């Protein structure tokens, strides 16, 4: 079997190692998730089951790969941040991109029932991914702020849009026209005056997305410190968030104590 | 909301478009599948359920992306070949790599029960992926020959190894020692003389892996030509295979008529 | 001397090996050569001294690197084609790009006087470079046709433009306006009717640029076959050129016999 | 002229933009400079004319491209550092690499006579180049320390080696054997005891290489501050060098005042 005569084709595989000493971000996006959401009766403007499944799938990825520092998700996208000095797979781009992408995708199907119960998954979903490097802490923080600013803008729009459609009986195109050119303040006012809704009272998970970070917590029974992955909805656009958190970006072993509520995800880990 | 002041981070996303006029190969490999196989009671040396699930997951990918010319799989790996002039996602490497990787991974979980029945999937699997370009038809054919030569070598080894362990009552390390330095002929002889097994009679799917290609078939009832994805186990190391098939590599619209058996996968499509 | 503690910075140097089995084209372009031409009194529309210096500098590069198959130049640009199976510097892009770029740049200054005589070189020129891969012979031929079609278009325009300016006493902007929207036939007619010039009689080097290829020639005295680098001005847009020449692209050792005139460059080599 | 039908080949030129917010280092190395040095009677172990020509060629590059922050050279190599936020040619790697490489190479020939006088340049030299990114100031400083530590090690070796050969009448291979396994202290001792040479008294340019940086100087006549490119031989391995200098790496507009001697290079600029 002339194996050796074909093996030269291996040399066509080129090295895709990425620059050392930079944060590696892998961002996944649901492909055709507008249709996927319709096909699976996602509630509008936000489906809490879908968000929790996204978070749990991301949690499944973080649990698997210790080199991942944190993850941040919103809507049908999730960003994973590898430690600056990550040397997993010698920093080969395709490897890092695909293990995150694959584990997330398989987890999404695996845990579907846990969050959607009897709502049947009709077909396997697809997530695309990209890999981006950030050389400085400032760039990385701005990346996370950028994604969270995006949630705010989209969620305020969607919340108002679907209030107009579902409660205001406008057609989607009428609602779109109504919102065209409006500012945040205008949308807040529409929600409040026309539907009696205070946008500030919307759940944090809708307004801010979800940040998964490695923290520690003291187990009340054993009094021992336990490492956990915490799901929080902190405001990353505020500077005091980063005053506390940024040390962890540089020295991932410095874990902050978790002070927030005991979420289902956290309870599972104790 | 100062969105714009963060949006500059988008410029860190670099273009990863690949060379035009070359075949793009995406190869997926199961991560830690030795353990995964043990955890899920895969039969040794080959588990037909696992191979069929791999094939069906690959079929799920081919069905979704028309720009895929063919796929070839063996053991826990699968190679997908995009058409030479594929312009999907403008040939951006990360996109092409992740949509194949994601759809395959989610399909593997989604269709698990179809092939494994009551054998429960214990956790979501991970597949890593890589992307390789082949500029000439000769290189691409040699790639496929390389992967198929690999099946032959590995499968003959594994078949003999597990015969020695399961039927010959050797320990794994004794079997390894026994096979050290043996040639193909030696292994064939061990199988035949000691276990009465003729390696040639092993199922084609074990010896050759599975090729998924787009073909056409005449529906017996309607007499119409139907486009299908066929799962075959042809010998790609033989030149006459390529005499018939290579035209399809260059002109993917030229579909060959399927002449082999009506597999479950094909029946499903008619 | 704690050398080792700094040496880690070497790992930031990433592999830039290019795809095997593809033609590597390095194209150099004069930087700010409009100004350079003015500063050195280049004749308009073509300065034969400048073209010969470009050709000789390219010849100096070809003579140095045997892995170079051919070179083609026009105006202030030159393209160098490495053999398809070139393995020089293991196909590392930066190495291949810079050795061609450097040798060409230093040769341009070194040989300036040979072609410009008393016209003094006022400052060292700069050439930028890029590297492009072509996976098929058809693509490579089309590349060369593209560059030669470019000469034709530009040279006919420039010849007519400078006739209008130098002989027709138009200002540059008047000449530009006059030529705006004209076709090739119109420019030929302007040259012929207004200036009595038949564009076809222009020197081949102006109309077609210069191709440097490795050929062989029989030395009249010794009757031996000698390998040379020939400078020709063949019409690469004609198919019969490629009927004769394309074998050399695939098998660079198959040298064609030089049939054209004995140029100064060739004479120097015998 | 069917130009358009060939122009598709332009799409094979792929984007090579490098990561923003990182220092871009271009390092040039003389190709076959051992032979080049012999061919041009370079003095051993250091030829001051050759070093000055290297420096002047680098100065010619810095003068041309304002986006270059500094350059550092030793022996037959020179490193050029672009500002962290450099946006020249949109940070396209090949462009940045080749303009530095080309200008340096053409300058080397252009200024040869200025430093070598009657010693004739026999052929045009070749420099290869590479491009490396450094994401943090610490990495960049370590890069410069690495190159300077390299000078020290090589120069001490070469000084001792050539003392043994030129003054000690050893053959090169005897000298090599003699130095095999020796430490710095051993070499210092050989120089001192056998040849009465104190290595510390060697010229700074030999021991430390040359750093070209943008500084300002007060013109004694006009009392105005003048921007200059200064050639210094500072000890970059000392931390107090960086205490003063590192601010300039981040904010290139903050120019330090030049305090050292008025070199020929500086005088030329006032």
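Going in written order, the chains are labelled A, B, C and D, and every chain counts its residues from 1.
Going forward, contacts are C-beta pairs under 8 Å (C-beta built on N, C-alpha and C of every residue); 3 or more make two chains touch, one makes a residue touch a chain.
A quick map from chain label to UniProt name: A, B, C, D = tRNA(His) guanylyltransferase.
Please read all numbers here as calculations on a predicted model, not as lab measurements.
**Q** According to the touch definition, list the chains common to the neighbour sets of chain B (tRNA(His) guanylyltransferase) and chain C (tRNA(His) guanylyltransferase).
**A** Shared contacts of chain B (tRNA(His) guanylyltransferase) and chain C (tRNA(His) guanylyltransferase): A, D.
**Q** If you take the chains that touch chain A (tRNA(His) guanylyltransferase) and keep only those that also touch chain B (tRNA(His) guanylyltransferase), what is left?
**A** Where chain A (tRNA(His) guanylyltransferase) and chain B (tRNA(His) guanylyltransferase) share a partner, that partner set is C, D.
**Q** Quick one: which chain's Cα centre is the longest way from chain A (tRNA(His) guanylyltransferase)'s?
**A** So the farthest one, by centre of C-alpha atoms, is C.
**Q** Check the residue numbers that chain A (tRNA(His) guanylyltransferase) and chain D (tRNA(His) guanylyltransferase) use where they touch, and answer same if over half are used by both copies, otherwise different.
**A** same
**Q** Roughly how far is chain A (tRNA(His) guanylyltransferase) from chain C (tRNA(His) guanylyltransferase), centre to centre by C-alpha average, rounded to an integer in Å?
**A** Distance between chain centres, rounded to whole Å: 53 Å.
**Q** Please compute the C-alpha centroid of chain A (tRNA(His) guanylyltransferase), do the same for chain D (tRNA(His) guanylyltransferase), then give the distance between them in whole Å.
**A** The answer is 47 Å.
**Q** Find the geometric centre of each of chain C (tRNA(His) guanylyltransferase) and chain D (tRNA(His) guanylyltransferase) from their Cα atoms only, then give the gap between the two centres in Å, rounded to an integer.
**A** A distance of 31 Å separates the two centres.
**Q** At least two partner chains per residue is the criterion; list those residues in chain B (tRNA(His) guanylyltransferase).
**A** 12, 14, 19-21, 133, 139
**Q** List the residues on chain D (tRNA(His) guanylyltransferase) that touch chain C (tRNA(His) guanylyltransferase) in their complex, please.
**A** Interface residues on chain D (tRNA(His) guanylyltransferase), with respect to chain C (tRNA(His) guanylyltransferase): 1-3, 5-10, 12-14, 28, 31, 60, 64, 93-95, 97-99, 101-111, 121, 123-134, 139, 142-143, 145-146, 149-150, 152-153, 184, 237.
**Q** If you look only at chain C (tRNA(His) guanylyltransferase), which of its residues touch chain B (tRNA(His) guanylyltransferase) in the complex?
**A** 19-22, 133, 135-136, 139
**Q** Touching chain C (tRNA(His) guanylyltransferase) in the complex: which residues of chain A (tRNA(His) guanylyltransferase)?
**A** 11-12, 14-15, 17-21
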